[in-house]
């Protein structure tokens, strides 16, 4: 049975217009929270630019929803730039977003570490700086599935992106300077590690068929969020073993001190039921307890996805008082909301 | 290619223990918000019973997460009873939940209209009443895909369940009497209509293979939330046409007055990316505007699911000032949260 | 009369047909009937080991019914639980069960199902297997037939009723949501009902 | 020199190979290279119709590069945008382009790609098709070869470099995440690069 031969059915009108139509839907669903610039494919905080506040801009290819558009709002992003599915946006969009959210205190670009995202954001920062705007960039690269990253494009930015946007956004809301807000994002990235596993592939609206071919008893271990194959293929195993495959490389790299506290983030890649994500979270907390690591904060759900891919990623963030307080600070976005 | 022949891979350890393991995960992920009674498979509001407040109990088969366990908390449910996947819980669980949340003001059972749920909740209510507890039951049956329901088990309870739990929960939080809280739930049910479409089937952990077989260019029109086939099979069509297939029977039955305002709820059945759900929402708001119906409130996401089924349902609730205010009231649950 | 023996036969027969029952339910329901009934009767078998041998048949059936209600869930749990509890009440305290008492008990069981579920014969439910089984057992007994003969008549009637559900349009339970599409499929509940009647025959006919 | 003609040839050739390029990217990337490049060169073709005929070749290339940056996204957008802009700057204001000017422009393009993307030959990227093409064009021109001969040498070198990416282990771009698993697949960016060099040959060789 060739999975790649299958057609993945989707609710679309035209592959070319999926992203703008979805953006129009976001605008219609969340008036008062965000506004959408359809020409530049931007989701903007409704009241942007916020005078005197550091502006936070992120973005990337589409297909990872709710990232980034669903994370725009009070206490998180000021703007999200949407590219085509799995394709980084262009510098013009990012520069337009930077202009739109600059409140006079500078703008932070939160960039996932993919060649396309990095190069386009770099060009955008140059454009904005040429116009006299102050821009800082933080590149997120938390995916420990990428090895010998020195000789490659480096680790991918995955789950830590959501955490960095939340915590840096909270710092900006509290009136932090551009340096302080960027510092929080860098700290989150340094103290986070992630690992992902796919049970199925996914299909872009343009192609309509799964990107890779996976047997009925196979899983891809070490995948990112673009439907790309992972580091290796394994036989399907019980959830507790799969969680072990994910936690081991994370803990090996993060080396949390015994008795230390982490934020445990179990993220669905899009097609895995919440029932299973909670089962996975249960395994994560059990196995962390065995390692003497306590779960201080947690997040379970679909936040950084790969279209309809069945699978999950685990992200651990080593917490301290500052990060814990920033996590608990109010946030008001379509996908993450509390305290307001 | 026979879809039914395929294996659906899942993160599980043992099909028999999926539900208790997921419940343990909910408890671990949301301390302070809920507590879990593993023996009775109950998710309980952390501070239940709340003195003097009407208690809200719902429940049903598992596989619909976040319904119901993810909807337990301040301003919504006090308890959710979890059955096996797609199987109604037993009266003993429901009676235990009723006892656990009774704060002296009586308990409301919110029951989705399926024979199993109705019969088991009826027996539970009798058990609780024999113990001197005051119980009211409201049966939710909003699915217009079920026709000539007079001669059948009647319409299914689907999307309106989420709305009834939110609005009745808000009324209870405000100190409403059992009659008032039940009245809100009944009103929500009377003023709501839903319709669902599936692009794929889904597989229970016990069986592991899809419940029905759907061709690469076919969709099931008029499905519920148990992986059952729908009323009819159609060819895959553009999203705007599929939305029309869903909205027409809803509007025909609901007959909202021109210029009236509705809550538009686009619900994912589990396996459909948020990108597509927002695209569907965009179609819904466009087509409603053409009909002179305005969207006063909206909800987009996976709230009442059918495991990993790819598909969506649309629910419209005719709003008035009372319902709008109850919708806006604070809620603090794992899946729905605002204002607190 | 060996009620415990009957329940054991039910548990074995249903566990053996678990996947088949679930397949039938997958076609017009939600693919859980096999696991629901298997879970329930396994619990009954377990529970009955806790009763002492002298417990009267009626009490044993009531315990079995309560156990089904508490362990099955779904539509079949309350319905089968009610059926066995009603049958048990009909037998009362009596230590032995003669054929006509058994006929009354089975009639009470079906009445309980119909009262609770409001299904009529022809609605494509367990009632379509149970009602004819009960009726033929009663008429055989009234005509003075041997217990074994009456039981095999009941089994035959149940299986015929089960097969008769294939062309029916479902009017109760999940299958009713399918409307016309429910036609052409055998009802899972009628199928497990036929297994339960056949189990009764086995458990009693080889009592001597 | 007909830069516009070159861009039209690129647009046609890439659109024609769109699905093939996307398939190659599906194997070791994210299945979007075909649509990315097609979208970009279609926009370039459109944009160039707005320039008046007299625009010097260098300016046309700069406009084309800016258009790619503004419409492609992904890794290839900034890289190809930079390549064409650098080539354009190298040509400056001159109205005509002789073979050695063209060699300088192509060298500037590759330098731009390497400067921005930090890929070395052998890293399994577009550089592995571009560098050999540029080098062989230069040496042919220095050896006094005909333009047409130098161009077909460049095309041959690009295609050879493209095929040479198959056994390579990717060290840059998405394919690098695959580690060993990137071996055995032809790099999509090297493939589109070869198409672009071949388009250059077609657009110039039949100028006379």
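Every chain is named by a letter (A, B, C and D) in the order it is written, and numbering of its residues begins at 1.
Basically, a residue touches a chain if its C-beta (ideal position, glycine included) is under 8 Å from a C-beta of that chain, and two chains touch if they have at least 3 such contacts.
Please read all numbers here as calculations on a predicted model, not as lab measurements.
For chain B, the chain whose average C-alpha position is most distant is D.
The mean-CA centres of chain A and chain C are about 54 angstrom from one another, to the nearest whole unit.
Once the centre of each chain is set as its mean CA position, chain C and chain D turn out to be 76 Å apart. Taking each chain's centre as the average of its CA atoms, chain A and chain B sit 28 Å apart. Listed for chain A are residues 85, each touching two or more other chains. Along chain D, no residue makes contact with two or more other chains.
Contacts between chains trace an open chain of neighbours here, each touching only the next in line. Here the chains touching each other pair up as A-B, A-D, B-C. Looking at the complex, you find that chain B touches chain C at residues 61, 83-92, 114-116, 119-120, 122-123, 145-148, 151-153, 156, 204, 206-207, 211-212, 224, 226-229, 231-232. Listed in rising order, the residues of chain A touching chain B in the complex are 1, 5-7, 9-14, 18-19, 21-26, 28-30, 62-63, 65-66, 70, 85, 199-200, 216-217, 219, 236, 238-240, 242, 270-283, 285, 295, 298, 300, 302, 305, 307-308, 310, 312, 332, 337-340. The residues of chain D lying in touch with chain A in their complex are 22, 26, 28-32, 35-36, 39, 69-79, 116-117, 170-174, 176-179, 181.
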